[in-house]
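Here chain A shows up in two complexes: once beside chain B, once beside chain C.
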Partner chain A sequence: MSESRRDTLITAATVIAILAVWYLGAALVQAGDDPLAEAKLPFPHQVIDVIFSNTGELGEASWISLRQALIGFVIGSLVGIVFSLVMAQGEWVESAIVPFLLAGQMVPMIALVPIVQNIFQNDDVTRVFISAFITFFSVTVAVVRGLKSAPPSAYELMSSYNTGRLQRLRYLEIPAAVPMLFTGLRIAAPLSLVGSVLVDLAGAQSGLGYIMLAALTAGGPTGSMLIWGAMVILIVLGFLLAQAVVLSERIVAPWQVQMRAKGA
Partner chain B sequence: MKSERVRTVVAPIVFLAVFVAIWQAHVFNDVFGLEEFAVPLPDQILSAFTDDSDELRSAFGETFLAVGLGFALGNGLGFLLALGLLALPDTVAQRVGGILGAVQALPIVALAPLVALWIDASTWFKATTVVIMVFPAMSVYAYRGLTSVDPTALELARSIDASGWQVFRYIRLANAVPHVFTAMRYSVVLSLIGVVVCEILRSADGLGYHIHDALQRFETPQAWAAVVILALAGIVMYAALLVIERLIVPWSFRKS
Partner chain C sequence: MNQTEGSMAEVGTPSPAEGHDHSPVAGRPAAVSVAGVTKTFGSGASAVTALDDVSFEVPQGSFVSLLGPSGCGKSTMMRLIAGLQEPTGGTITVAGGTPDEQRRARDFGIVFQQPILFDWRTVEENVALPLQIMGKPKAERQERARELLDLVGLKDFRNHRPWQLSGGMQQRVAIARALTFAPPFLLMDEPFGALDMMTRERMQTELLSIWSRNPGTTVIFITHSISEAVLLSDRIVVMSARPGRVMKVIDVDLPRPRTDETRDTKEFVDIEAEIRQLIFSQEHR
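So, the complex of A and B:
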């Protein structure tokens, strides 16, 4: 009781401290005579004001970015799951492809955005493709790793029961891969949104990134404030997406969450 | 054991060779109905490297100056912050660590347009974005490494009357090194992403801009060549970090 109360107090104090620093910083910046000062570091309440006085524009743009990121996220996860399950069935196939998947994690996929845009010549398709592509890599690598995570003793038990390959997959390897799958999904969710928004930054004519870019080039103090609005929305949406994955793990595999809490 | 080693080496090479051969044989272009000006063939991309080597080289320089600066400053700042956290009382440090951990999970690239508002100079705009993207992870990992020391090691240090500096140098810092490398490996791709995003956004210089610009000029192979450079750079930087880590802390590899 007192423990949790102390916890809430500390959290509240942290939030207040952050806001205080923000207000102080904003006051300092705005005290100067920079015409863009308000846009460079607005007060927190000004950011909230920008969001609420532009709900129509920002809402529409968020919906475009979010919807296409989600479509891509779902497609990328499904393809990734199926792909990794099939691939794990052949040793040679797996050793041929996995190194490239791992290497893919070290590559800035974002650089593909202009290329993909150029191939499809369509903003919506590009957004979905990029989000799916980014998700695919995280999910596939996670599942491939997860399928291998069962302890050797479990394999010994399986073979002592003379189970077939499919049964081993169904009762041992797939359940063993679930926690890694969710880790991969949690990482991929905000990234798919970033991928979608990046297509806007690279020249698409709608979405949150377009608002940011337009505000940046159009300039003017009030125009530039929209960058803050769009950025806050983007970060909050990314956070919510990751939380949604955590929540769905709790629903799909509640034992996982308990085991993780125990430190297993 | 030996056949497994052969497999892990041969299979990827064969796969890559077959993949490139099929691509070169125009199969992908035919199957997906892609024109050569949208998806060029491997030999066209290869010749872009030689034909436009000057342009690519200068773009590479612009990009990797920013990557290097941002990577070094961001990781340096992150590590200093972790040292600073060490001086704070535990409850406060854990709180701050929690905030940094949360920041690390956010799509922080979204800050790039904002940084553009603050900083005009192209290189510093890119480097600053990278610093912001990279430092939270380093702080979190380094702090974990500095604090997750074996309690018996601390007891031993006390029993032989080791000084505070010695405890820090030989126990905490040594323990932090593998964590620091984990954070750096993680931030390699982040710094590349950050710089490319900035270059696409600002459209002034570097490989990210070069990709965009080459496409506008319908010189698609050049754009693909720039992508290949970025991909290879990410892999090389990552591998280099692994090699350096192996030289500095061989014991962290021997365990696994």
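So, the complex of A and C:
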């Protein structure tokens, strides 16, 4: 308990430190006689002010980006899990698939988004696809490693019970992969949101990224503050998504969390 | 104490004339026969011979230790008997069949140096794992798991997670798990090797008491500790390293039950000293 309280304090201290640096930076930028200074780096309270005076618009846009990201996250996770299970069935399957996984990860999202947009001709479907695509890689790479995380003697133990492949998966490999699965999900959750917003930025007509783009076009101090406001919302949402994964891990795999808390 | 040379003929066909009449185990039928077994890993110039012409017998219901320094192939020998690996040459007969047949028949309960307990299962669920894999109904699994946890003195810990237990307790859970399905063979690969000296000695006497309550179970125990082998075993197969060979097969006829006091008896100390001299004389040859 005291340990988790200390963690909370550390997080709070970090947030305060970042805000302090931000204030300092904004003060330095705005100290000169640059008339556009306020538009370059506004004070945090100005950004928060903008967020609260545009809650309706920002809320709606956030929900659009978030909802498609979540759908993509779920689809990408499921596909990733199924893929990993297939890959774990044999070295040759893995060797056949791994190069494509690496190649897929090398594709710059910013180049992929317009292509996908052209294919689907639909912003929502594109967002879901990109979010799923990003999630898929993080989850697949993590789960494939997790499925192989059991020590050799655990396999010998299973062999002494004369287990078949499916039983070995069920009793050993899948449960052993759960911690890595959650590690992958924790990384993928915020990234799936970034993917969704990337689609907004690439010409979608709604979402958080669309607001950023629109504010950029509008220009001026208010526009700049709106961009910053959208970014702050994005960061908070990403953080909440990661926390949601941690929370679900506590529920689904309590043994793992307790072990970490114990530091064993 | 009776001694037999490490050759098949003498160990395999004991007769009173050869001085085995005082030994309770030597007259029993062999549950495991190892005959001229070799095991080579790799091939060509990088090939490593782990076992070279190894022969010995494990009498039915006895406690046999494979004793030797690290690198003598004793763990490999256990894996060959368990049907987890195939020998390069020679034959192994287990309960009238091949090791692989007996593995498929689930004849082996194995305890490794590391307990290999699953964190996602409670202590009781870990112990019940073999029964679950064998498709036994839940009520039966629970009853049997609790029975065995009681036997190893951990019945109050059945709902704990493995990592909440000490190393000695974890290894007791592993022993309970190996015994849940009442296999005719208990194979132990340096099960107490990772434990501190005091825990280790307590576990040794505890293992003897657990074994005495599972009559008929044949135990094959891998160790590099001479005193551990002498305290536990009916028969000790002393092995030398690189390549692993049988130096001598020694029958230990210290009376049972053996307890902590056994360690202080003259007979115990004598046997221990003799084995030590045997091993060192080979090393300095």
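The working rule: the second predicted complex is superposed on the first by the 229 of 264 C-alpha atoms of A that agree within 3 Å, B and C clash if a C-alpha of one lies under 4 Å from a C-alpha of the other, contacts with A are read in each partner's own complex, and residues count from 1 in each chain.
Keep in mind that, in the parts below, a contact is a pair of C-beta atoms (placed from the backbone, for glycine too) under 8 Å apart; a residue touches a chain by one contact, two chains touch by 3 or more.
Because the structure is a prediction, the values reported are computed rather than measured.
Look at A:P175: by the touch rule set out above, it reaches chain C but stays clear of chain B.
Touch criterion met: A:K40 reaches chain B, while chain C stays clear of it. Shared-chain residue A:S4: touches no atom of chain B or chain C.
In the superposition on chain A, A:L198 contacts chain B only, with no contact to chain C. Considering which of chain B and chain C touches more of chain A, the answer is B.
With both structures placed on the common chain, the touch criterion links A:P114 to chain B but leaves chain C unconnected. Of all residues in chain C, those touching chain A in their complex are 79, 82, 84, 103-106, 108-110, 112, 114, 116, 118-120, 129-130, 132-134, 161, 163.
Against chain A, the residues of chain B that register as touching in their complex are 7-8, 11-12, 14-16, 34, 38-39, 91, 95, 99, 105-114, 116-118, 188-189, 192-193, 196-197, 200-201, 207-208, 211-212, 215, 220, 223-224, 226-227, 230-231, 234-235, 237-238. On chain A, the positions that touch chain C within their shared complex are 151, 153-154, 156-163, 167, 171-172, 175-176, 178, 253, 255-256, 258-259, 262, 264.
The touching residues of chain A, when paired with chain B in their complex, are 10-11, 14, 18, 36, 39-40, 91-93, 95-97, 99-100, 103, 105-108, 110-115, 118-119, 190-191, 193-194, 197-198, 201-203, 212-213, 215-216, 224, 227-228, 231, 234-235, 238-239, 242.
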